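Paired with chain B in one complex and with chain C in the other, chain A is shared by the two complexes that follow.
Up next, the complex of A and B:
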């Protein structure tokens, strides 16, 4: 156990170091990179990925994966937009439904993986496609838009994106969600069981713990993150287009991996995930501040992901060698 | 180790706070920097727009950054880009927005910061009054009118020979009756053709799926200018619509108002519909299929927008607006191309594959 703790700690320090190095690099090379405006952009463009990644950390710690994150977030936003624009639902109700819908789909993922024993990769791949299709079906393949600042419900943007004076309120919600998930993962039974399942599912089962329940819970928590993420996404970007969103899950998963959570399960950290999210966001804004076109962002994110996982693999190997020597 | 963990959390929060306030004291440098944010990068169209804007930047001695999202549904990417560009305090921004609704906060912010915004290509449709200083875009009606002039020259004799008892028909094939560019082209072509025909003393009517411009009495006209819109913009529906058009008796000419209509017509011909040897076809925009059809003579010619001028004028307007000069919308023009001139360098660069 000490070994794993050390491992996570190490990865986090490395990730944190990388964050600082990347930030300093752009501070020197970027245009106005250290300005308040850019800093606010770094925070603002991390909102929705942050919620997705924090939620996904739970599933990934169980040794699972959720490929439906991006498509589900869009489907949930499209559903909210359709209810708001076409059915005239009040905005607050749309938001509640968006979160409940995403949690419900998370539950469905959980049932597919636990009760029906589908491999998480396949189960959530299927959900991803269903969500892409569903988003188009409920909106009749037309894009939906949330209230703009010119409409009476424009408070939505001020409350969930940034205030009129430019304060990034979304960052506050992200921190609150981080603190809550942090407590759940590190201080409660849910978290302990989720780690235990990721480490050795069979042992947990044999000790009489309801694996399906706790594992399913991880998927529901992920769904919660996605639902909240869809609200922040809608407030930030206003317009939601059907048949988009696949690819966003990979950003979220990349952030989780950069933060030191192992894709084979049992090891992980939300602090790391948050660092991962900011690394990606700094990369995104930094490369634009250097006036480099968008494809470079994807390119360099790929390099960071590979670098992060390489370090992880290398340290795992070292740790295993140490164990062998000791044994 | 627990201590280290806690320390790390504190450090993380601290960094975020420091980041929040880091910039407050930073001096922002003053350069002649302009942002040009396009709708995409993938089409050659945008590459030529970029060339035009870079030429303008070189001519005017300013620095520009031409950027755009990876595709036309990447709204989030474009919004992030606009935010990032605003943070760089450009002298002005030229913008082709993917969606007006998604950029309203950004337009407001630009207005608050005193950064003029110039629309280019499709610009920012229905933006709040005063937030877009001017647009550099193709006037679709004028552009399609140019096509009507060329087609009319070629079918003039047949039109003069037609009568109410043996009428002829000219069809405009369009993929929708909603988008501003396509409806503008349908209207521009139909009205120009109608004006040319009636100016020569022949009777004509405009009919079809676009009620707003229906004119004249088709039963008592020698020429029917008919607008046909596909059931959906999908290639299969456009192909069906095109087959129907090609089966029309006394068809003199077809104007395809965009690449979707062109591809529908070409697909219908490939699927066995006969394109009469005398039927004159005029297309719009470019693309590999259309270029081959023009080169091979299936099409008498096509209209292309001038993306180079769009990019050039966008930067020119941005610089003018930033220097406080009065600016107004600019028609960036359109060019006619056919087999005889399509390989000339200044035309060839406008024709994407």
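Up next, the complex of A and C:
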């Protein structure tokens, strides 16, 4: 019992500890890092990655991976933009379609992985490329614009990005999404089965559970995160450019891994993922506050990912030794 | 005549190119414990997988209470009251005991109620008289406790028919006794059980009837009380078994000591010392968790030791990695062949030469011709049953896989071989072949350590037996003192 407690506590502590250390580091070395403006920036730059990462946590816990996150988010945003600008759809309907589209592609991923038995890496690599292409095809490779503040639908930015007073509302949605996904993962059957599948899929199947259904569900949930993320992305950047968005999926996956979710499945936490998202966001803004250009962010994120996984490996080793001493 | 609770008639199963079951029948009475025996590949597991709806069958009928039933999924079989304790532990490590037992049967709605399943699990264990915390993560339990969780899970379905697929392979004697007690209690409440086992002595202890399968065919059913074990074995293998007991040890005090272990300690092993002589088979006896495998892994350099000295051929040697151990001619044949012993997705030839690959390099290229030549030699020498050296190891039977591992270490010219549970999961016929090979190796002058949880095979094979209990070395028995009672006495520290 004691060691179980220790194990859970330790994992959260490590990621959270890293978050604090990085924050304190930049508070001392960065310019105006603790200012309200920077804090708001940290929140603002975390949320669409946050939606992707929270969703992706589900798939990764099943032992799968989703590489289509970034490309799908862009495709979904481009689709929404095209419907709004070119077809004259009302904005609310565009948003609904964006979310449904992303969930549908998530479902397609799920079917490829479960019914058609493709390895998740290959299946979602394929969807990633299809989405990259599709985004350009439906927009004729032209950028799509969501309404600016001055347009009649100017509420879009106010509701989904920043209020008039500059408060990043997106962060609130991220928290709401976090709480909902947290409940789904930890308090419902869906979550229990997703963990169980990641642990031992065959055992779950032999227990008479529809493995394909629940595993597919994980991909749909990931799609939901991506769809919501695409709305927030559109509200944040207004301009959506085809053929961009590469690498966003890797940022999301990095956040999941930093948060202590195992890529081999069966172990993971959304709290960890959220901390991972903030670690990356603090890193990004911290380096900016030190006047270091963007490539440094990618560079240091890489180091943090390796560091986080190393700590995890080391912690597991220690935990096993503790177990042995006790036994 | 009593109408059977369950009857399987004319069950036929074809895999592409393989006739796995040939018009097999099986019947089970209410409140009966029915042993199902046969070599690996005899079709027992296939038949049980068909019964529980895991795999479909080609033709035949299943009657439950005289009514035809068809199960298309494990769930349907469970609903009909049939559940199975699987051989490979089908548990989720990061879930708690209660979560594992009630997986798929959580509360009706979307939300979970862990309190209720913890309570029900607690009651279940109380009834079964096992003390396991329902809230403990399964990953923290020992192999035998996990097996008990698996059994509790099957029982919790209120099943009318429970299938046990070789549960004793991972249980200690004490736990087996307790399992049998539970089975007898279940029997008295009218539950029927099918018990699959490799251990002949268990049939007499627990079963009412015994059914034998061989090569996908139903051979016969006998009354367990009156049938002779030899007869059952004969039905299983259809041939005479190599059963020669060791009467005389050729090893004495003057034989060269090839391996000397001095004060070995780690977390699992407490201050163990012993000597191994040339041509000797030294048995390691003890219950599960006694530290035998752990000791073997220390010798092989697979784990770190806290203290102790090792002498190979009289010279003090520091072995801190398996690579070093191999260099000093020590070979380790793991208890978990598929995980640690073989690269199952590679060919027989590649597995055999894997540790000696550098000897088969000609001008920077791998000399496949030479490899095939050497491999064919070993296939012949050890009688490995494979169509060719290029066949993938995963398609061979357990016994033949074990022979591939033996060939690997022989090619490596290992003078000291550690066999860890060499016959686990291997059928009776192949077992005696392994014994024969081990005896031949010893006669050739190889020194062998044999770890086994099957006392009869330790008694049959060993020149001496080292007994361990909870990490401690409790006794070393000479040939004349080796018997079941003495070993058990030291293994349990009584």
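What we mean here is this: the second predicted complex is superposed on the first by the 306 of 327 C-alpha atoms of A that agree within 3 Å, B and C clash if a C-alpha of one lies under 4 Å from a C-alpha of the other, contacts with A are read in each partner's own complex, and residues count from 1 in each chain.
Heads up, the rule we're going with is that contacts are C-beta pairs under 8 Å (C-beta built on N, C-alpha and C of every residue); 3 or more make two chains touch, one makes a residue touch a chain.
Quick caveat: nothing in here was measured; it's all calculated off a predicted structure.
Novice: For A:215, using the defined touch cut-off, is the partner it touches chain B, chain C, both, or neither? Pick first, second, both or neither.
Specialist: Neither partner.
Novice: With the two structures laid over each other on chain A, which partner does A:41 touch: chain B (first), chain C (second), both, or neither?
Specialist: Touch partner of A:41: chain B, not chain C.
Novice: Touching A:207, do we find chain B (first), chain C (second), both, or neither?
Specialist: After superposing on A, A:207 lies in contact with chain C but is clear of chain B.
Novice: A:289 contacts which: chain B (first), chain C (second), both, neither?
Specialist: It touches chain B, and chain C stays clear.
Novice: A:239 in the overlay: touching chain B, chain C, both, or neither? Say first, second, both or neither.
Specialist: first
Novice: Taking the superposition as given, does A:150 touch the first partner, chain B, the second, chain C, both, or neither?
Specialist: A:150: touches chain B, not chain C.
Novice: Who contacts more of chain A, chain B or chain C?
Specialist: B
Novice: Once the structures are superposed on A, label A:190 by its partner contacts, choosing first (chain B), second (chain C), both or neither.
Specialist: second
Novice: Would you please give the residues of chain A that touch chain B in one complex and also touch chain C in the other complex?
Specialist: On chain A, no residue contacts both chain B in one structure and chain C in the other.
Novice: Using the touch rule from the top, collect the residues of chain B that touch chain A in their complex.
Specialist: 1, 4-5, 8-9, 11-13, 15-16, 19-24, 26, 28-29, 33, 41, 65, 67-70, 73-77, 79-81, 83-89, 98-99, 101-102, 104-105, 108, 128
Novice: Tell me, which parts of chain A touch chain B in their complex?
Specialist: 2, 5-6, 9, 12-13, 16, 19-20, 23, 31-32, 34-45, 143, 145, 148-150, 157, 161, 171, 175, 233, 236-239, 241, 243-244, 271, 274-275, 278, 284-285, 288-289, 291, 293-295
Novice: Note which residues of chain A are touching chain C in the complex, please.
Specialist: Residue positions touching the partner: 1, 3-4, 187-190, 192-193, 195-196, 199-200, 202-209, 266-267, 321, 323-325, 327.
Novice: Using the touch definition from the top, list the residues of chain C that touch chain A in their complex.
Specialist: By the definition above, chain C touches chain A via 54, 73-75, 78, 84, 86, 88, 90-95, 99, 103-104, 106, 110-112, 133, 135-137, 140, 267-268.
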